[in-house]
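I've put the structures underneath this note.
Two complexes are shown next, each including subunit A; its partner changes from subunit B in the first to subunit C in the second.
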Partner chain A sequence: MSTTTKTIGNDSKSPIKYSKDRKVGEGTYAVVYLGNQISTQRKIAIKEIKTGIFKDGLDMSAIREVKYLQELKHPNVIELVDVFSTTNNLNLVLEFLPCDLEVLIKDTTIVFKSADIKSWLLMTLRGIHHCHRNFILHRDLKPNNLLLAPDGELKIADFGLARSLGNPNEDLSSNVVTRWYRAPELLFGAKHYTGAVDIWSIGIIFAELMLRTPYLPGKDDVDQLDVTFRALGTPTEQIWPNVSNLPMYNALRVYPPPSRQELRNRFSAATEKALDLLISMTQLDPSRRCDSTQALLHEFFTESPRPTEPENLPKKKVKKSNDEDESEGGTKRRKL
Partner chain B sequence: MEEEKRETTPSVMSPADPGSKANQSFPSTTQISRPYFTSSEISYLHSKSIDDNHKTQYNRTKHQIYQFAFQIVKQLKFPLRVLATTMNYYQRFYLFNKFHPKEENVDVVDLERDPYIVTVACLFLASKNEDCIKKLKDIQTVANKLRDIDENKKVKELPTTSSNGGNSNGNGSNSTYTVADLQRKSIMSLEFKLLQIIKFDFNNGATLSIKSSDELVTQFCKKLDINYKLSLFSWLINFDLISSPLCLSIPPHCIALAIIIIALNLKPKELKMTHELVDEEDDEQLNEKLETIDSYGDFRCPEVLVNEGIIYILDYYIHQYSHSILNQYLPHIDAQTGKEQIFKFMELKSRFNDLKILNEYSCSSRASLQQDNYLQLWDYSVPSKGTGRFMLGNKRRRFAKELDEAIS
Partner chain C sequence: MKESTTDTKSSSEGSEENPEAKRKRISNDDLYRRSTQFEIWSYTAESLEAAKKKANAAGQIIATKRFNEAFAELKKASPEVFENNKDKLNPESLLNLITFEEESKYLNYYTPNIIQIAKFFKMPTQVKLTAVSFFKKFYLENSVMQYHPKNIMYTCVFLAAKSENYFVSIESFVKALKGTDAKDILDLEFIILSSLKFTLLVHHPFRPLYGFFLDFQAVLLHPSPLMYDVSVNTLGTLYDKAKNWLNENAVLSDVAFLFTPPQIALAAMYDVDKRVTDRYLKRKFLRDHADKLDDIKEEPENGDVKKEEAKVKIEGDKNIDNDAADSTATKTHGETSDIQTQREQYETLVRTIRKCIKVAKQVSKSPQDEVKEIDRKCFFALNPRKLIEKQVKKIAKEAAPSEVV
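Right, the complex of A and B next:
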């Protein structure tokens, strides 16, 4: 692990310089460093993308990340601070976000209050609302792409699969979103879909925050259908018109939809309003699923308790004097 | 309008800088993306990138390139916006890079200078940016078939191993490569160059919600409830314009609206169509539609940019109507006026004579153009020896307001 500090962007006229302090992760197309913006001592992450050495040039995910993050500025979306090129490398300077939601969910020593869950859900929805109103689908929402800033703000990150909601007559790939968070229309191989796929993922994340364990952990793509429908019922023509025309709709085991009481039992700590919102976000038929506006206006957010202020949210316990701990978190949070 | 800060001159780290302990100096530059240029800026740039005796060659090549790129797009079943972005990149490339006409009868050519290879690189990056992903190999195969090139032919690598993108996987310099291998190497290198030329601005100055002009033309026609014939006419104009540098001057939605305003003014009666027209508005109704267009209110198009588009398009047809695609769809003589079609464009232009174009608002004197460091051939050595920093301008956010102020 390199500890040398290399500054980039040395420009006597420009006040902005960055230091690359420590390598925290390496993937197929990029290396991530932690560093500082020298002038402000603001901590930043530098994603160094190797260009031209891979067989098809600049990676698609890098293009998407630059393209969409340049466009989006929102407190709940990771900030792309700068774009640099040095000796055939592309450097993306990103906001430094030391933790993610997955780390907290897995840390059983931390207790989540219902107000905490409400706060994280609210910030996620605000972030995705901003994406959707700019016609951008994220397509890979999951707890480890929801990063947490030191001040507790949640930020949606990793736009490597994002795309803009294009032409209605163009096919989109259904092979998106990490399996456990994949909406039923994607599992059925739909070629046309909307922001509803992101809302589904957030619904499943909401459930995971309450359960502290993944809600629909399918072992493979086939199992994912089974796990999903066992929990939420098998879609029929009646509740989802034309579903049987989707490419992968066949040979399904038919499960009845869960009763309200069954859901109450599964999510014992949830209020009725919380259940309402969860049900609304996990409607099997994407056209019946709520959108980000409806979710944000849901009464769940106005009933007591109020969402926790970000700075008071639970944080990862920092082991003092163990520097390695932080870098481990850093490595983990970036799937490259 | 051009008040933005630029630091294109390589600057050496000041020795007085207290934080500097290194005594090496890097060249560095900050580039704020400028997606649009006035026509005088474009001709100033061309005066540097295209030698005077190559000007006609440049235009001729561009038309061949347009056909070439169109065929690739067609065979790979890409949407038309990939073609539009390709032509945008291609023309942008030759604002900041020297144009070398294809040298005939030269055995060993520098592939990076070959406009066709530049086109493939542009198309490759455009397809990625437009979310139509294809392997470079597949694009190359189609392109080489169109050009009648045997891409599997073995060749010796050029003795001069260029420093950029040099990555021969440790092979000895004597090993043989296929034509496709060499092309790939140049395309990879060109892609990185292109990224610098577009300043890593993948939105091309527009916001993401603005689509390409071919989609917008049809959408605007629908919104204005314009009949099929005029919609097709508008679409054909747009198709002609994809190969023009208008996309370097104004954003796509302004191009689309300018086209529709021209179409509503010209109201062609005889257009070759494959579909029957159901019912057609009379001229009165069309005039009314023209009258009620609110450029900014309905379409978020600053009027001055739409005017720029109108003037450009009319000039385009006045100068090259006979080479246009539109020409193939209209009768030679316009039945109503009894004259050649080109006179309709000239007549319309005369009615727009009082419109001002951007050059008249912007400081476009040669002296001020010379002072603008952005308007130079791009020096790739700066980001490769030091750093290049790329930013989106914030101009687009205040564009409309500023332009309105400029008029008043």
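Right, the complex of A and C next:
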């Protein structure tokens, strides 16, 4: 198939299994290639993690990514197809996912129907539900980490910040999650938190899908507090007991919580049920926020319209030139 | 690597198309069965022993090969010495490999040291347990005749600390370990990761233990206490003792390869306080009949069970061809088989718990002098050249006086 294909295999034991076709990205600790699984001709991405270049050995993000993806097999979580080593490089073979939600949100030529948004939200929640029931927090949910398969299925990716939950008395770092999607308890420096931080992020992504622009775009950590509370109200002891005990609690500006009508105005296309769910996912007090089960069972998902079938969801616009990935994605229909 | 298993169903599938499978809830047990700990690292007693033997046998082959190479090389360098001293310089008499039993003893000696190192760095329990798990898994895949346990042990602690989010920089780590360089550790890190088959998540019994602690309270104290001498305080003591039990027994043993974390947690509680734990289990598994059973004396109770057993057997035979024999039986035969299933579950669990306790307490301390000898053998298995050279020197020394005379 491909012309200049470099083939690689599992060190010594097994025969050549994957081809690396072209480099598509390079980060601080990894290089990403596109390739094929030779036995099936399935498209895959190979994340080659450099080892031996870091002072402290294997990089923590790489360790986390391998650790959690090995355990999580779910239609809405990126699949780790294989792990193998080549002369001291760690290679993660991941399923090939050509697009992400951020690209679609930014492409203003694409229209999102409310059924489309519902479908993406549903798939995100299913994926995170699977993480949470396995006691795994993602801690970096944002549109950029919600990847889209050629068949439209949404997959949660990038587990470089993930961690296990549920060892009593253990401190957690509050310096997680990309700023705009960071829950208020994290902004206040909480050392104990739960899956509610992921639910918050998904709530903010839900809002962004409706607004087509980031909902709470703080310029820095201080501004993030201001932007967040201007939109959702400043937390008080009354609505969030003990909030003032959090290490970095700060209520310099006290904004009133938004009225229902204000939210209706802001999210003009949202139904009442959609607003209910959004409000439930963005409760300032994490203990009042819904969890993934409650979110999945929310009436928003059972009211009309039905969520769009993944294969009918909007896709990245195909540039006329070359994009073979896209045409292939179009023909590979999902079996239902 | 394994194929991804059953959950390839598309997200839109389910409700209408497959009413049979509908409403089957995913339990924690289902989730555990899909963990790498269950899929890759769970054994029966026999298969675990076989894996250890295989690692030892492979190590012997490698050590033999290494020995033969060194022997051939040294022989080539000074053929006359080897020729003249065939009785003392031959592979048969020199090669002294570590047996399976010795390897087990040797590893048992090292395991507690892992905990000491982790304690030294004030690492949380989680890191200790994960490091021990890594170490044990590594030596199911490799032998001490390939990799000396000392640096493997250090590297397991270093990697476990990272994997459990308790980062220690390599400088401060090696600074505390005399005679070990950063390179020794970093070079092994990747080898260990490969031997672990790139699986790092380890489920420990402490979380389920905490869960049982809460559930014991719910079941035994609410709405009103079931046992006159059991309170939140006594359950708290039970919980603390069970934690110690896990730290002292379970950690060093092979239970993690043979039992699930909740089974191990229950074993700890059962061994610490059999009476309370058994009451909890009865209440849980025989809940509808628990009170009745408690009133019945031993003999009639057994009599009832036998009758029930007989009944179910006859009726069970009819269902033998039925794939869903279990569920059908419960549904159609009603209460009798319900009680029966519950009783069987309860009895199986208690049997499993007892087995687990036995395995957890099996670890014997390896005697210091024996370990020293194995350590010497291990050194020479890894450095056969030194062994042969030593023998050559010895021969030369023995020969020397006579030459002088």
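Here is the rule we use: the second predicted complex is superposed on the first by the 308 of 336 C-alpha atoms of A that agree within 3 Å, B and C clash if a C-alpha of one lies under 4 Å from a C-alpha of the other, contacts with A are read in each partner's own complex, and residues count from 1 in each chain.
By definition in this document, a contact is a pair of C-beta atoms (placed from the backbone, for glycine too) under 8 Å apart; a residue touches a chain by one contact, two chains touch by 3 or more.
All figures in this text were calculated on a predicted structure; none of them were measured in a lab.
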Clash or fit: how do subunit B and subunit C relate after the overlay on subunit A? clash
Touching A:126 in the superposition: subunit B (first), subunit C (second), both, neither? second
For A:76, is the partner it touches subunit B (first), subunit C (second), both, or none of the two (neither)? second
Determine, under the contact definition given at the top, whether A:310 touches first (subunit B), second (subunit C), both, or neither. second
Now for A:86: first (subunit B), second (subunit C), both, or neither, which partner does it touch? first
Looking at the overlay, does A:242 come into contact with subunit B only (first), subunit C only (second), both, or neither? neither
Subunit B versus subunit C as contact partner of A:153, first or second or both or neither: second
Once chain A of both complexes is superposed, is A:134 in touch with subunit B (first), subunit C (second), both, or neither? both
Would you mind checking which of 23-31, 167-175 or 185-193 on subunit B runs into subunit C after superposing? 185-193
Where subunit A meets both subunit C and subunit B, residue numbers: 51-52, 55-58, 60, 63, 66-68, 70-71, 82-83, 85, 88, 90, 134-135, 163-164, 166-167, 170
Complex contacts: residues of subunit B adjacent to subunit A: 7, 11-14, 17, 19-20, 25-26, 28-30, 79, 124-125, 128-129, 131, 133, 135-136, 164-165, 167, 187-189, 191-192, 195-196, 200-203, 207-209, 211, 215, 383-392
Which residues, counting only subunit A, touch subunit C once they are in their complex? 51-52, 55-58, 60, 63, 66-68, 70-71, 73-76, 79, 81-83, 85, 88, 90, 122-123, 126, 133-135, 153, 163-164, 166-168, 170, 309-310, 334-336
List the residues on subunit C that touch subunit A in their complex, please. 1, 4-5, 7-13, 17, 26, 31, 34-36, 124, 126, 158-159, 162-163, 165, 167, 169-170, 185-186, 189-190, 193-194, 198-201, 206-207, 210
Spell out the residues on subunit A that touch subunit B in their complex, using ranges where they run on. 8-14, 16-17, 38, 51-53, 55-58, 60, 63, 66-68, 70-71, 82-88, 90, 134-136, 163-164, 166-167, 170
